[in-house]
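These are the structures in question, set out in turn.
Here come two complexes built around chain A, the first alongside chain B, the second alongside chain C.
Then we have the complex of A and B:
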């Protein structure tokens, strides 16, 4: 069967799996951003906790995804949940690292001036430091999203949602004509999602970056 | 009876000549990994294994899986670096400068292509299976991050240093050889570490194209529905990956030129 014909025939499947894939990655990125920025903000001023947090989140990223998915079956079972937890753990490092880098790159003279004007630490953080660090933070979120889109496909091993399903079904039918189409369709789906997410982040970055540093 | 002979205590770091972290910082990771292995060993020996489990968890079976895994990782890392580092140097030369933004976007997006898709495509589209297919798949996947790393690293070399080199009459090649490359050693070492970590992780998936590795143990556990076997495979995979990352981190700390 022709690949294009295959895609048209499976159009509804492709759309449904795409929505699932985007949902599981979107939820994980959101969680990783909340936790990651929180950890970054909490630790960027203390070298010790900063090093510790970077070491631990780095270790998460080092654990092969296949192994982590399997280890999470025990406590979390199969399906959506272990995939979201695994992806969130994987997503932390780039976000924490960029948050810390972004916050540390803020010119100390600006912070000094703000404190001199009588702003509290919290105000300085919310009104000065985070807005200035934001472009760096959102770049971390973007990189995380692209990496997680790929890893999410492996989540199919624990019956997770998304395009991994097509890839593993293709693998199971190796040797049949439909196998190549299945795998190609799964791969294409992930790449299309990657482009869409990238465009989304470009727009978000434009809209949320404070006017003075655009 | 199962025996796990893979505890990493013996690989504890040698006496440190120029500590960049505290001694405790260096010893923490091997100590944790040794404890995990010991805990796993004690847990497994305390279990009553059925025939499937005891066959999957012999020292020979696990040793073979680890050895295959290490071979896959080592071979694919060497090939990845041999391709990605020179390519990174080439793509940062002036003639490629206009392509750069497009190339960076393309490479960043390409990172989203799932590893498993690359491996499975080799299998289903070309019926290419086994060790060589796995190496091709691993290299294809790992090239992108290492290439990105090298390109960004070379560009971070201070332009004024290069200008000074040219002003002293160095040729373009001389600048690359005597200034850019030595100054990029930390970035290249980081690339080695990245490639190792990615390959040791991806090598877990090569079991799906009959290339062995620790993924074999996990999949054996999955297909026979033996949780214990799955967990042993997964824990060993994680320990091996963390150990390799740790050793690459040591190399990064100690091979860095002292002037930097």
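Then we have the complex of A and C:
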């Protein structure tokens, strides 16, 4: 069967899987952003906790994804949940690291001026430091998204949603003519999603970054 | 500790102590010595006090303890009668304008938003904030329509410094702290900003603590100067005039550098001295009248004035011989060394050195002749300034033999 024909036949499937894939990655990125920025904000001014947090979030990335998904079956079962948890853990490092870098790169003179004008620590963080670090933070979020789009496909082994389904079905049928088409379609789906997310981040970054620091 | 004989006579302040630093010390964590040690200083309302001294002597640290960006290790800070050593630092800082050397504008906010910082923190309503922003920008010579919506990166260095000053004036604080606010700009722009700032200060009359390491800037800006000599010593705390004419120690003399007398001339004005008269005639006078005036003086030429009294020519008897019958305003030499009464003695000196008859002609704002300044008057002025300063210093010393007044420790 011709690949294009295959895609047209499976059009509905492709769309549905794409939405699932985007949803699971989107949810994980959101969680990783909330936790990652939180950890970054909490630790960027204390060298010791900063190093510890970077070490731990970095360690997550070294766990083979296959293994982590399977290990999570015990506590979390199958489906959406273990995938989101695993992806969130994998997604932390780029976000935490960029949050810390972004906040530490803010010119100390600007912070001193803000404090000197009578802003509280919290006001300085919200009104000055985070907006200035934002372009760096959102770059971290974008990297996380791209990494997670790929890893999410493997979540299919714990019956997670998304294009992994096509890839693993293809894997199960290696040798049959449809197998290559299945794997190709799954891969293509992930690549298309990656491009779409990239465009999305470009737009978000543009809209949320002050003209003064662009 | 703090003698009471420290009336700030001769300076623009009200004489009320606005900021009192009492035995302030700061030792930074991990340091073996104090950055500032047991320093006491009274700063009067409405004055510009300049902290000046060699690098590392603790100027910045002292200034930052006033708004507690640096928390003192010991000692007290009293602001307008309130002990603010341990009160809420944010509230304290909203009462004090702060200009740092690096300016520190918020790059992601427009100029308008930057200037609105403190009014917004104080919860002013939108209309009031907007009106204040425009007022402040106008005050520092930045057209609000042009600059309000720009970002800091779209301004020149000098414009950013102005915005920094406007932002610090945000909620009209009584006190301003300025750390080398005109540091990193070219000399011409710096001079202009200094002049603008002094003009602004004449209107707003803030109590200002101004840090610089440049003695010339200190002499120009300060109503009073504290020369710091390392962590635990104020070498002299006095008016620029006193510091120049009666330096308290060799350290101060060295710090002022050569040419103290010349610098002193920058601080006195032509209007402060009595002018000498030079023989003059009106344009319409005839030769006989001119020669008669000249004969009755000991000078070699007369100054010809026009009908409005403005200097037109120097005319000597030679000129009459050389151009018989010519109108007096077409012969002789055009007077070049002309100054107005608000000119400094140093300007007048500079002019008269190269002038034809070694005098500067003084005219009023309409150009009308008032008199002349010669070198003898300037040396007399220097001599009497020195005598007065020495007398003042001696008077204080007898009242308070322990040291220079106003400074404890």
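Everything that follows uses one rule, which is that the second predicted complex is superposed on the first by the 214 of 214 C-alpha atoms of A that agree within 3 Å, B and C clash if a C-alpha of one lies under 4 Å from a C-alpha of the other, contacts with A are read in each partner's own complex, and residues count from 1 in each chain.
The criterion applied here is as follows: contacts are C-beta pairs under 8 Å (C-beta built on N, C-alpha and C of every residue); 3 or more make two chains touch, one makes a residue touch a chain.
Not measured: the values here are computed from a predicted model.
Undergrad: When the two structures are overlaid on chain A, which partner does A:116 contact: first (chain B), second (chain C), both, or neither?
TA: Touch status of A:116: second partner only.
Undergrad: Give one of first, second, both or neither to describe whether A:183 is in contact with chain B, with chain C, with both, or with none.
TA: Touch status of A:183: first partner only.
Undergrad: Touching A:19, do we find chain B (first), chain C (second), both, or neither?
TA: Neither partner.
Undergrad: Between chain B and chain C, whom does A:131 touch in the aligned arrangement: first, second, both, or neither?
TA: Once the two structures are laid over each other on A, A:131 reaches chain C alone.
Undergrad: In this superposition, which partner touches a larger number of chain A residues, chain B or chain C?
TA: So, of the two partners, B touches more residues of chain A.
Undergrad: For A:34, select first, second, both or neither according to whether it touches chain B, chain C, the two together, or no partner.
TA: It touches nothing on chain B or chain C.
Undergrad: In the overlaid three-chain picture, which partner chain does A:8 touch, first (chain B) or second (chain C), both, or neither?
TA: Neither partner.
Undergrad: With both complexes overlaid on chain A, does A:203 touch chain B (first), chain C (second), both or neither?
TA: Neither partner.
Undergrad: Enumerate the residues of chain A that count as touching chain B in its complex and touching chain C in the other.
TA: Shared contact residues on chain A: none.
Undergrad: Over in the complex, which chain B residues touch chain A? Could you list them?
TA: Residues in contact with chain A: 105, 108-109, 111-117, 120-121, 123-125, 127, 197, 200-202, 204-205, 208, 215, 218, 221-222, 227, 230-231, 233-235, 237-238, 241-242, 245.
Undergrad: Give the list of chain C residues in touch with chain A in this complex.
TA: 67, 69, 90-94, 96, 98, 100-110, 117-118, 121, 151-153, 167-168, 170, 177
Undergrad: Considering only the defined contacts, which chain A positions touch chain C in the complex?
TA: These residues of chain A touch chain C: 107, 109-110, 112-120, 123, 128, 131-132, 210-213.
Undergrad: Can you list the residues on chain A that touch chain B in the complex?
TA: Touch residues, chain A against chain B: 58-59, 61-68, 70-71, 73-74, 143, 146-147, 149-154, 157, 163-164, 167-168, 170-171, 173-175, 179-180, 182-184, 186-187, 190-191, 193-195, 198.
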